[in-house]
Structure formats: structure tokens, C-alpha cells
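Consider the two complexes below, in which subunit A is the common component and subunit B and subunit C are the respective partners.
After this line comes the complex of A and B, so read on.
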């Protein structure tokens, strides 16, 4: 296992100059690379090194750092190693290269990321909406999207339910108990 | 004369569709010329809600990612969190987890029996198998308190130990189910309608299967022997003796054959677990979940569910809440890019049989 991980890191670092490698316990290797190099490194991993199973593409919103992190996780059935390829893309007008010519199922992930995070994928063939239909609000999976505030603004209380209230308030009234500290922040 | 193409909408409410999704098909006569999967009918923003909860509170949402088999989702999340924190899991808990996962696999296959046979008009199979599934749900009820949603596997181990005399009950249920499987073989696999409607239908190209992201029984139904339990062993699967069945062909029949044999292997695994399970702790206690902060980093844990590989990516910013928890379901690939491709050229009446054979689970796509 250690030998294979070493070879993988060597191969990638010789082919791609601007890459940082990181070893983990077990069968995991991480690479950090600029977003322009993503299609190239994924092509290389798949065609030259046999990492032909795209296991996952995840997107993380690092709001404070004004960046999105996109993680491609690929698996080799022969090496039995999972490789994480991390990249960062700016949060303002994010644009990425699409990779659905390498794995066509990447198309689904990219369609979802486009809707949920507002990341544009150049050349992505996704004419239709994926999960959100007639959505006009901001991309909802971004950290600065407040689900509750959006719902309060967009929808209204059903007539006749004006006196509806939090069940915890009723419990407090009936039993005289204090609301625990951790529950207070959820109080309306 | 060329027939005029018509567009039909199968779903989102349709007895042949496995949940709330739609397949929009363009047909010429009875033959499908184009299929498009339409989802978005049950998006519940679980992943958004998880970000607003602490690491432990997400379990009430996790089990709802896939209704027929919730345990692999819980297990993959728990294992990803443990990997992130470096938390040890007691050996006994690992064995119990494997038992729960395998029981869930059998229960889910029992439901699949009903769905697959029902999609071809053989309704008796479903009535039998859903009845037999209840015996496993009884076991779950005794072990976890819930029949369908368990919230039993959690970071650090499992929620409670096995009750007294539980092992005997499990073994008794396994003996009963093993005998029952012969009845299913006679009723379903010997049935000429089943053979005719499944052989040569919905064929997955073996050469392209891995590249297309096919996993689980559909992949093994192409004759390719890959299973996360063997390739990337988790919990105690490397200490157990079982076979990963494969079948050549890539059609619905092959996938059904793989599942048929896998139930027997699962029964074998459960028996070994009961035989080998050590004593000791079942839970490595976590700190107060309200103050439980995980170190910065990310982790990805994969589990073999009945539908294939499922995985959970979690990312932590060092706080008490997940930065991101992103679930990868097998249906995310199977029911969209693969299904759209498989349906082309097939008969309109085979849509639900093909969908069932891929183990499509829409809640897993939308989360």
C-alpha cells in the first residue's frame, strides 16, 4: 500500500508542477491543484493510471475565505486507493471547466452544483433544470443563504393560524419549566 | 411509413416508478427513442439542514436519505466522522454494525423481490416477501426501537447493546428465511414470464460499465467482481468469509441472479457475526454533543448498500457543526445517466422492470 501511494504521488508530481500532495493514513492520497489543471489531472488519472471510477464530486462553501472548494474523489479498482483532488474557485462569478467528457456521470454533479452553488461550468450541456424548478432566489446551498428568512419572505401563514405558536412555548406555560440554554437559540 | 413520435410522462405518481420521480419518454409505437429523468419532486434540503445541526443531530435526517435501506447512510456518516476525529470503535460494535447492515440488506432485497416481480405482474411474490421482511423489521424493533428508521449506528459505536436472547432470535429468523428462499426460487426464478421478460432486457455494456459509474449488483450482473466490502473493507468484513456473486449478461435477469445469491451470502455473514462476536464495550462515548467540535479536515467513507456503493463526504471547519455533508447515492448515477441510456430501444412496458433492476431510489438523488 505504501509503495503504491508513493508511486502515485511521484507520477503526479512529475507530470504536474503546480500540485501539492498530502498523504493520509489508510488508502487515501490528496492532491491540491489549481482549477485550470483539473481536466488535465483527471484525464491523466483515468487514462494513464487506471483511476477510472469517479466516486464523488463534492463542493464546500468557504464563505469566510470567499472561495468554493471542489473535491473530486476517484478510485482505482486495481490500486485500491482513493484519490482526493482538491481545487479552489473564487466565490464571485465562479467558473469551472466541466469534466463530463471524462465521466459522463459528472454531468449530474455539475448540474446540481450549478443550481445549488451558482458555479458555471463551461461547455456543460444541461439545458434543463435539475432539482429546482422555477427558482428565482440565490443559489440555496451557499452558506449565506438563510433558509428560514427566505421562507418567511416568500410564503405566508395560512389564514386562521395566526395564534399558532412554538410547541415549546406551550410546554413552558403548562409546566413552568425553563427552556434549556441550547434550545434558546432556536426560539422564535 | 414512419410512426409519429409521442412524448409520455411516466410518473411522478406511478405504480411502476420506485418513488417520486418522472421519466419522460419519447416513443415510436411501443419503442422508446429518448428518455429523460426528471427529478425535483421530493427535495427536502437535508444537506442544508445538516449544516445547521451539530454532528450528532443529523442522524434523524440521515436515515431518511433512503427509506428501504437507511443503515448504510448512517454507517458511512458515522465512519466518516470517526475518521475525521480519529475515534476508535470497539470491536463488538463493529460486529454489531455488520450484522445490522446485512440484516438491512436482506430486508431491502425482500422489498426488491416485491418491486421487481410486481413490475412484471407477479404480485404474489411481493405479498410473500413483504411479509417475510416483517420478521427482520421485528428484529430491528427489538434491537433499535424502530422498524424502518433506526438511528442505531452512530459515531463511536452503536446506540445500545444487543438485548438478551437476541442472537437466538436472529439465528431462528435466518433459518426461516433460508428455507423461504427456495420458495422464492420456485415462484419467481422458475416462472417463465419472469424469464421471458428479463432475459436480454436492459443490457449494460460490460466494457463501459466501470467508466459509466455502475456499481453494486448492476456491475456484478455484468460479470465484474467489485464490491466495496472486498475492495475497500470496512468494519470487520475482512475477517468474515463470504463470496461476491457475479453473473454474466448485464441484463435484468443477471442482476436478479446476483441479488438472489447475495441474500444467501448475507445470511452466511450474519451467522458468522453471531458466532464470532466478542464481548466488551459497544460504544466509545463521545463528549457532550453540544460542545463536540471536530478537527478541521475532510473525510469520505464508502459503504456497500444493496443499490451499490454509497458514500458520505464530510468536511469540518473545526466547529461543532458540519461544514458540509454530501451524500453519494448509487441511484445518483444509475437513475439518471445510466437509466436514460438503457431505456433507449426498449419497450415501453419494460421501464419499471429496468428501474427496479437498477435499484432506483429517488430520495437518494435529491436528499
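After this line comes the complex of A and C, so read on.
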């Protein structure tokens, strides 16, 4: 296994100059590469090295770094190793190459990422509604999506709920505690 | 396929052969739904007895489906808001987060998933109230292992037991920043604790400020209604922690230690003033005299001074703090901690006359005439005596007097075998101090260890330091040697007899179970009482005192409208935080009385 991992890393790093590799315990190797090189490296892994199974495409929202990370996970039945290929796209107007000509099923992941994170894939087939019905809000898997605020705005209040009470206020009323204004921002 | 496919058109008509036959679905009436899976997330059920109305379910719900509302038959009380969740099932998405954040585990989801109604508004109902049968149908329940609440407290670093007895060094070392943030983050901010706190401190808010790494705001919030928070952060009786929502299945949030952490980030009086930056009103021309610089007197003085009153405290001893200065040993509450707070209170403009005993150095009458209002916070200075033979022998000392001498830097000869009588904090303090002076210590207590009124952490601390506790022991006589010095204590063992009126069991001595234990000193700690000899006759007549305490109204006003009282001499809970609460209430009373009159 160690040998195979070493060969994989060697092969990839000689073919792709701008790549960094990261070793992991077990049967896993990670590569980090620029987004322009993604189709090339995936083609190479599939056609030249036998990684012909696309296990998954994942997305991570790095809100503070203003980037999305897309992770392609591929698997070889001969090497029995999974390779994680990471890339980053900017969060503002994120556009990514479509890879469904390499694996047809990539389309499903891409449609999901478009809907959940708002990433555009060039030439995406069936880009319209996927899982979310009648969705009008921002992509909901983004970390800055406020579910509660969305629910509050989107759905009407059912009549009969006006008598809801705030727990803290109820106790304050009962005890006569005087909560100063400057402390209020720390209320639940 | 031809344009007109006859077969395809006629085929469906074969279904007509079923016409007139009995249907063989829906045989069972009424329809019984299939049993759901073990962890199925169906309708909610809430155990109304277990639920404390903390509202964590309502807060977490991302769909705004949960309201907290009052329920008939459930009264709010300490540790229970009296509210219960009501769920809009039209909004619920069955994510189950409400169950996973429920601190008591009262909320669960059931296997019931069929509900049919024409009326959309009937989907708004209260789990537990409207579906009591759900109790038998629970499936998705909260366990300690799966709960999203953090039930384990961040351990407080402290000195090891046998290391402690070598000196009077502070035992508890305090949280560091990382520990404090982690501990503060366990809080669910329900605020049930604020009702249990006599002073109703803004607990969830300052804990939240600590969790959000804003210690200065935490300090400001703490000082809003407590001018001695570092003292409370170290020695408070913390009634708040008893009702903590997390304590139902885990260890309560270390509220006291978090207050301690916040106040210790400010290490001198000037800095306190800078951070708290209190608004001080212009002088309003009223003068208030205060008897006693204990927690209640200091609190009254501080908040009166902020409101523009001219405050003067008369204190009999050389230092302020009352029992917290002279009664609490320094390994629990170091002097620097107290000094810093007193200095800050003085900086606000409070004047303190030390070594001035009212009734001796100045008469009460003089104070009464000189000031527009008087606050009396004199505490309980006089110890109760056991009333057994030999109590006046040499070496038989009252524990409060003993603690006073030691805290005053004096030497007290107690020898190497000390017997402490009592089970309150004073008894434990006296025992642990005696250990530090190198003696073997045994505590005799008439009830069981679990009945001891002392803080459980203090009891544990004493045991770790090697203090022996003999429960159910009633002293009957002190034996002396020929020089008139105590040499042994004779006691009877007791059995616990249940009280027919439902109060705590009473210890009843067992005839003939006499035992004797050797002693070089006996420290009595069975409680204290008031000493009102400083009041001249005319006041003693005017001010009503019942069962050793001043009779006061909700603003701590005594039967003489000009005199207010607080602290041990006015409340039944006899702890520092209650004294602070008394002082704070009196401020409102004095302000209402004087400013309104004007």
C-alpha cells in the first residue's frame, strides 16, 4: 500500500507541476490543485491510472476565506486507494468546469452543488430545479444562510400563536430583575 | 406500433371484471398504521413533570415551530419557568434537534405519525398536554450519550488535599481563559438561575459575554447589581447552580467560578472603575448613615452613592467586609480580593469610619439624628452556646471567635486534637483552619452528613484534607482536667426519627450510647444570633424585632420608616448574596422614601 501511494504521488507530481500532495493514514491520498487543472487531472487519473470510479464530489464553504472548496473523490479497483482532489473557487460568482464528460454521474453532484451552494458549472445539463421545490432564497447550504430568518420571512404565522412568551422575559417579570440595556445583546 | 392500437385501448377495460366484488384492501376498520421503526421521529411527547420550561427547544427550532406558553395547572417556581412548548406541526420538519438539546430529556418524539384533520389550525398543539398517550409511544428520546448538551463541567484546578493543609494559600486556583470560555459555552442561557439568586444577578448575560470572549462586558454586567462580585465568585452559596437546567442530568454550569474568572481579569480598583465606568449622579443633598460594613451595608452604600446620596458607614472593626472578612478563612477568600473591592467602593465616594463601634464610640441616636435615613446591617455577631456542662472550660472556644482571631493575624492555642461541633460552613471553616494549624480534627454533627447545611464542596474539601466527620453525635458534656482545661467531649449517638409533620428527620439520642473523645480544644459552631444592645431604649421600643431579626417590609424598611435593615439580622437565609440583595432593595426603598418626599 505504501509503495502504491508513493507511486501515485510520484506520477501525479511529475505530470502536474502546480500540485501539492498530502499523505494520509490508510488508503487515502490527497492532492491540492488549481481549478483550471481539474479536468486534466481527473482525465489523467481515470484514463492513465485506472481511477475510473467517481465516489463523490463534496463542497466546503470557507466563509472566512471567501472561497468554496470542491473535493473530487475517486477510487481505483486495482490500487484500492481513494484519491481526494481538492480545489478552491472564489465565493463571489463561483464558476467551475463541468466534468460530466468524464463521469456521467457527476451531473447529479453538480446540480446539487449549484442548488445548495450556488456554484455555476459551465454547460451544466438540466440546470433548473433539482431538489428544492419553488426555492426563492439564497443557496441554503452556504454558511451565511440564516435558516431561522428565512423561515420567519417565508412562512406565514399561524393564527393562535400570538400568546407565545419569552422564557427570560417571563422570569424577569416575575422577579422584578432590572436588566440594563447594555446587557441585552447577550440575551439568548 | 400502429396509429390506432386497439389492444392498448381495450386492455384497461378488463379491470371491469372486478366490478361488484368486495375490495380486499382496508379490511381492518379502523385503519391501523404500521408500527414505526425504533428511532422513528413522529409527533412530539413532553413529560410535563420533567420539563422545566427552559425554552431551549424553542430557541433551537430553525423553523420557528415551537412557542413557549403557560399551561393551566403548572405554576412557575424556582427552577421552572412554568411555560411549556407548543408545536406548530405544520412547520415542524421532524429534524429532532429540539429533543437533542433538551437538558432534562423531557421532550421526545413518538412512533405516532398519522394525524388527519380538516382544520389546519388543529395542527397547533402541546405535546404531553394534548397527547398524554404519547408516553407509551416514545421512540426518539434524548439520552446523556446522544444529547447535544455538554453535561460535564470543566474541572476546577485546585491544590491537592494534603498540600493545602500546609498553608493558608488559596485552594481553588481559578479557570484560565480557555477553561472559562469552554465552561461558559455549556450554558444554554435559559435564565432559570436568576430566579434562584436572591439578588437576581444577570447570570445568562454575563456568562454569554464570557463565552463570546468579552470579559469587560461581563464585568460591567456583574457590577450592575453586585458591588462585591469577586467575593461572591469565591464563596457564594450559589443557589443558582442548584436550579441549573443542565444539572438535571449533568453537572451545573460553574456559575460561581465563571463570575470569579471574570472579576479576576480586573486586578485593581482603578481598573474596576475604568471598566465598570458607572454613571454617578450629582449629589442630591440627602445623607445616609450605615451601621456595619458587611455585604449588605457596602451594597447599600455603593448603589446609594451612585444615585447621588452622601453615604457614611460606621464599622466596628479595622477592616470592612464583615463576616466575609473575619468569618471566612483566607484560603477561600484572600484579603487582597476583598481589599480591591472595598477600595473601589470608596473610590465611588463611600466614606467608611473604621474602628467605630456604634453604641460605644458613637451613639445610634446621634447617627439617627444626623442622617436622613439609616441602614442597619449589623449581622449576627453573637454565637449560640450549646448549653452543656463544661462549656466554659479553657480551650472551649466559639468557632466564629476563633476564625476572627486567626483572620486578624493572631495566634490561638488549640493543641493537636480539635473537636468541632456543628455542620454549617462555619464548622467546616473552623475545622479546615485547625487542620492548617496542624491539629487532628473531628467534627461532631447531630444529623447525617447529607443533612449538613454546609456547601458540599466544602465538606468534600474538608474530608480530602483529613478532617474526620462523626455524624449523629450529640455532645452532652465537656470534661476538664485539674487545671480547668478541656480534655474530652462526651457525646451520645443519635438515631434519625422521621418527623410526623413532614419536616426533616430529627436526631434523637440513644440512651446509654455514651462515647468520649479526647480533645485539646473544642470549637462550637452551632449558629449565631443578633446583638442589638447598641440600640437605645427609645429605638428598641420603636423597632420591632421578632425571633432575633428585624421585621422589615419589601424595601427592608423597619417599623421606624427612617431605619432600614438588611443582612443576617433581617433575612432567614443568612448568606452574603442575600445580604447584598437586602442592601440593593433598601437602596430602592430609601430612594423612594427620600426623593419622593422631596
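For this structure, a couple of remarks:
Criterion: the second predicted complex is superposed on the first by the 161 of 188 C-alpha atoms of A that agree within 3 Å, B and C clash if a C-alpha of one lies under 4 Å from a C-alpha of the other, contacts with A are read in each partner's own complex, and residues count from 1 in each chain.
Heads up, the rule we're going with is that contacts are C-beta pairs under 8 Å (C-beta built on N, C-alpha and C of every residue); 3 or more make two chains touch, one makes a residue touch a chain.
Please read these numbers as outputs of a predicted model, since none were measured by experiment.
Of the two partner chains, subunit B is the only one that A:141 touches; subunit C does not reach it. When the two complexes are overlaid on their common chain A, residue A:98 makes contact with neither subunit B nor subunit C.
In the superposition on chain A, contact is made by A:151 with subunit C only, not with subunit B.
By the touch criterion defined above, A:161 reaches subunit C but does not reach subunit B. Contacts of A:84 after superposition: subunit B is touched, whereas subunit C is not reached. Legend: residue contacts after superposition of the two complexes on their common chain; A:179 is shown touching subunit C, with no touch to subunit B. Of the two partner chains placed around the shared chain by superposition, subunit B is the only one that A:54 touches, whereas subunit C remains out of contact. Shared-chain residue A:129: touches subunit B; no touch with subunit C. In the superposed model, A:171 makes contact with subunit C only, not with subunit B. Common to the subunit B and subunit C contact sets on subunit A are residues 147, 182. Interface residues of subunit B facing subunit A in the complex, by the touch rule stated above, are 36, 38-40, 43, 45, 47-49, 51-52, 210-213, 226, 231-232, 290, 298, 300, 302, 309, 311, 313, 315, 317, 323-324, 326, 328, 332-333, 336-338, 366. Remark: subunit C residues 53-55, 58-59, 62-64, 67-70, 76, 81-83, 86, 88, 90-91, 120-121, 123-124, 188-192, 194-195, 200, 202, 204-206, 208-209, 212, 217, 220-221, 224-225 touch subunit A in the complex. Residues 27, 52-56, 58-62, 69, 71, 73, 75, 77, 80, 82, 84, 103-105, 107-109, 128-133, 140-141, 143, 147, 182 of subunit A touch subunit B in their complex.
Residues 147-148, 151-152, 155, 158-161, 163-168, 170-172, 174-180, 182-184, 186-188 of subunit A are the ones that touch subunit C when the two sit in their complex.
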